[in-house]
Amino acid sequence: MEEAQLEDLVAANRILAEHGVIDAYGHVSVRSPRDPQRYYLARSLAPERVTAADLMEYDLDSRPLDAAGRESVLERFIHGEIYRARPEVQCVVHNHSPSVVPFSVTGVPMKALYHMAAFIGDGLPTFEIRDVRQGTDLLIKDSSLGKALARTLAAKPAALMRGHGSVVVGENLPRAVGRSIYLEQSARMQMQALLLAGPGGKITYFDAAEVQASISRQDYVRAWPLWRDKALAKLNEKTWSVPDL
Amino acid sequence: MEEAQLEDLVAANRILAEHGVIDAYGHVSVRSPRDPQRYYLARSLAPERVTAADLMEYDLDSRPLDAAGRESVLERFIHGEIYRARPEVQCVVHNHSPSVVPFSVTGVPMKALYHMAAFIGDGLPTFEIRDVRQGTDLLIKDSSLGKALARTLAAKPAALMRGHGSVVVGENLPRAVGRSIYLEQSARMQMQALLLAGPGGKITYFDAAEVQASISRQDYVRAWPLWRDKALAKLNEKTWSVPDL
Amino acid sequence: MEEAQLEDLVAANRILAEHGVIDAYGHVSVRSPRDPQRYYLARSLAPERVTAADLMEYDLDSRPLDAAGRESVLERFIHGEIYRARPEVQCVVHNHSPSVVPFSVTGVPMKALYHMAAFIGDGLPTFEIRDVRQGTDLLIKDSSLGKALARTLAAKPAALMRGHGSVVVGENLPRAVGRSIYLEQSARMQMQALLLAGPGGKITYFDAAEVQASISRQDYVRAWPLWRDKALAKLNEKTWSVPDL
Amino acid sequence: MEEAQLEDLVAANRILAEHGVIDAYGHVSVRSPRDPQRYYLARSLAPERVTAADLMEYDLDSRPLDAAGRESVLERFIHGEIYRARPEVQCVVHNHSPSVVPFSVTGVPMKALYHMAAFIGDGLPTFEIRDVRQGTDLLIKDSSLGKALARTLAAKPAALMRGHGSVVVGENLPRAVGRSIYLEQSARMQMQALLLAGPGGKITYFDAAEVQASISRQDYVRAWPLWRDKALAKLNEKTWSVPDL
């Protein structure tokens, strides 16, 4: 990849951590711009520590091309199988977005009610891992589970994962990152709206035409340079050098 | 404008971002002190990055006087049309205040219950864009939508915008900034009070005399110098210089 | 006052701001150690900017002994009248503690359910300013209102002020500061407990013996040196020097 | 202990404070690697100030081996009695985790609904101190109360303490620290899920097989080095040196 693209992916890791969408866990990948059968994903490392040296290249079976002793993320199959199933997708985020998890364990559907997260549309699917395998630790640790998640995602921009988090995709990296950030914010807003409205109360969600009109625009182009520059600036700060005790 | 006034507007951008009232989006303008038919608004840029060089002058049709290659904010018509309709208004804030959005999509009216936000009075209007145009992306992208929003606002200090955010105005800049900050805080407090009181429970809102007695005083004069100095001090910090990767 | 006592009061201003108990408003005073008919309170200034030079001395009628051109806090009568009514009180905090305000506008009583805020006991009184004067801006702007508030407070450690905030007192400064911080935290916990329990659900509050056993101990002695040192260290940081634009 | 182990314990104090699981109170201990009848715990000090020099060694009766004038934590009996009762436990955390306290005062059981906190399983016990002693300040100030708490904990990974906080244990230090952090997060998620689902609404909790499959893996190995390095880096920052006023 070009240096700017590597920087984008490094920045994406740190942006998502900074916004509380991922903590030490969660991951973000990009499809290789040279070869659509390949993708880049950091080695198993807390996202806010990721640098360019930590990025690894994978094929769509999620085998590393040159591991060089680096440990791969267990759930990399999420990425490989979604890139296989969705040729237009260029970026995949897997997160434990804290306000999204409560929706994933109830029957309450997320719906678009905030223009920055209009991509939610008339709802997002929830992946119930029990439908394909019993007694798991909920992690997507092989291709078979990755394929099942990709089937649940289908053509949607995101899918909730029951008791675990969500997966968010985009036709470019800023879109997937921005969607992840605003999915979290929209989840909080919808919880609050549901409490305000009360049982049986009315909430005005986006209608189909509003969703359609909004999506084309939402590449978060004003936010992305701000997020990226702030994230990369932190790379230079030496806050984590460990002193002698 | 005078340098101090430019600084006020730069500070306002950063204050609102710092308080979580706006994120990379949202904007704040001031009417020109020289010509009431003109206003100043930053170019399309994340508010926490705005410096004096980013401020542009507009007429009330929201045409830039000297764009100099700078991109204008899409929703500048909010500002132009409110300055046209409300001669006493000197400052307009448009934000996506997160605790206000849930009120905008339900029928629950915001009401004054906290003395720092007494300006809410007996309620704020909500702009439903569908009433004037179907199938939009909810953005105020032309004068016609700006005029409709200004009609909804009427003589009020603020109006909610369904599924989008709010617009807050003031007879001076600190007032509009302070109102934006305390509108967000009051929204949170009202949500909590409604939950505490439960369905049919009683909440003591401000009565008309209390609202009247409070408004004249609320220019947030003790807060403004603190907010302004902290915001401008950050201008000097070089936290966002991007290092080599 | 001794230098250490001045430092305590400066620190108290900044600690309360740092913990979100007060913002640019709110104030904290101490009774003079030399003369029980006097108290110290900062001039009208955002608490996180207060230094020793901003501290002013007042008599119990809340008249400054030597204003030296400095503007007094409008609501200083809160302090004077409570010191008059409560000889054992050495420190008074007035705040707009955000999670306490929702209780102040509903009939739901705060009660002790967390050992760090056991001082709440079987409830705190709420000052309804309308009971003594109609159509105010809710501020305690004269001795008459100050006396009424002190009557509502009676012998309690704190009183809520409807639509405004609360007043918290202590037999020493760390106690009043700590009570303010844990009152806010306990308010949040009680709201959450009420939501969890649901209408008619059972919550285990402290019984009278537990309240009695807890209060003697709660001077927050482990927290105070941490809070104080962090607050005073910030005095030296030059984060707010305003650069040229 | 080895230097790295001392560092781990110092780091654990600061990590828990940084994550809001403990404030100036709360404490964390480790069993001595040399002698299972001994444990290490910091002297009575706010956790975010703890350095290696503050660590004290205790026997299982919670008597310090060499106090050297340092004051012991009042509630050290929590640690001693749990190490006595649970030979496999190597680390004990006592905290006032704010989102856990509301569960402790209601009859609502915490249950596993998020894979990062699967250790909650089908529920955690709540220690009601009144069952063993009336009229206390809720503190575990002697061996008898410590033993009663250990009996309530039994073989579980954590126990809530009514109106007070919780105790969390682990077979190693990162596990106990990580469990404390994710117990707080899971409490927030469960509150939100309960509100979303509404009275009688359905929430999908982990089933027994999922709990079993998850627990073996949860040592928070990706998070621990990040948490540890950030915590120890702060040791070197001189933010708390107190300036002259």
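A, B, C and D label the chains in the order they appear, each numbered from 1.
The rule we apply is simple: contacts are C-beta pairs under 8 Å (C-beta built on N, C-alpha and C of every residue); 3 or more make two chains touch, one makes a residue touch a chain.
Everything quoted here is computed from the prediction, not taken from an experiment.
Colleague: Hop distance check: subunit A to subunit D, minimum number of steps through touching chains?
Modeller: Step count on the best path from subunit A to subunit D: 1.
Colleague: What is the shortest path, in steps, from subunit B to subunit D when you may only step between chains that touch?
Modeller: When the steps are counted carefully, the minimum from subunit B to subunit D is 2.
Colleague: Quick one: which chain's Cα centre is the longest way from subunit C's?
Modeller: The chain farthest from subunit C, judged by C-alpha centres, is A.
Colleague: Give a one-word verdict, same or different, on whether subunit A and subunit B use largely identical residue numbers at their interface, taking over half shared as same.
Modeller: different
Colleague: Let me have the rounded angstrom distance from the C-alpha centre of subunit A over to the C-alpha centre of subunit C, please.
Modeller: The answer is 44 Å.
Colleague: Using mean C-alpha positions as chain centres, tell me how far subunit B is from subunit C in Å, no decimals.
Modeller: From the centre of subunit B to the centre of subunit C is 31 Å.
Colleague: Among all residues of subunit D, which ones touch two or more of the remaining chains?
Modeller: In subunit D, residues 195 touch at least two other chains, as defined above.
Colleague: Name the graph shape formed by the protein chains and their touching pairs; answer line, ring, star, complete or other.
Modeller: Topology of the interface graph: a ring, with each chain touching two neighbours.
Colleague: Show me, using the given definition of touch, all chain pairs that touch one another.
Modeller: By the stated definition, chains touch in these pairs: A-B, A-D, B-C, C-D.
Colleague: Which of the residues in subunit A end up touching subunit B in this complex?
Modeller: Going by the criterion above, the answer is residues 3, 6-7, 10, 51-52, 113-116, 118, 185, 188-190, 192-193, 195-198, 201-207, 209-210, 212-214, 217, 220, 222-223, 225-227, 229-230, 232-233, 235-236.
Colleague: Residues of subunit A touching subunit D in their complex?
Modeller: Residue positions touching the partner: 23-25, 44-46, 48-49, 96, 98-99, 101-103, 105-108, 128, 130, 134-139, 162-164, 191, 194-195, 199, 239-243, 245.
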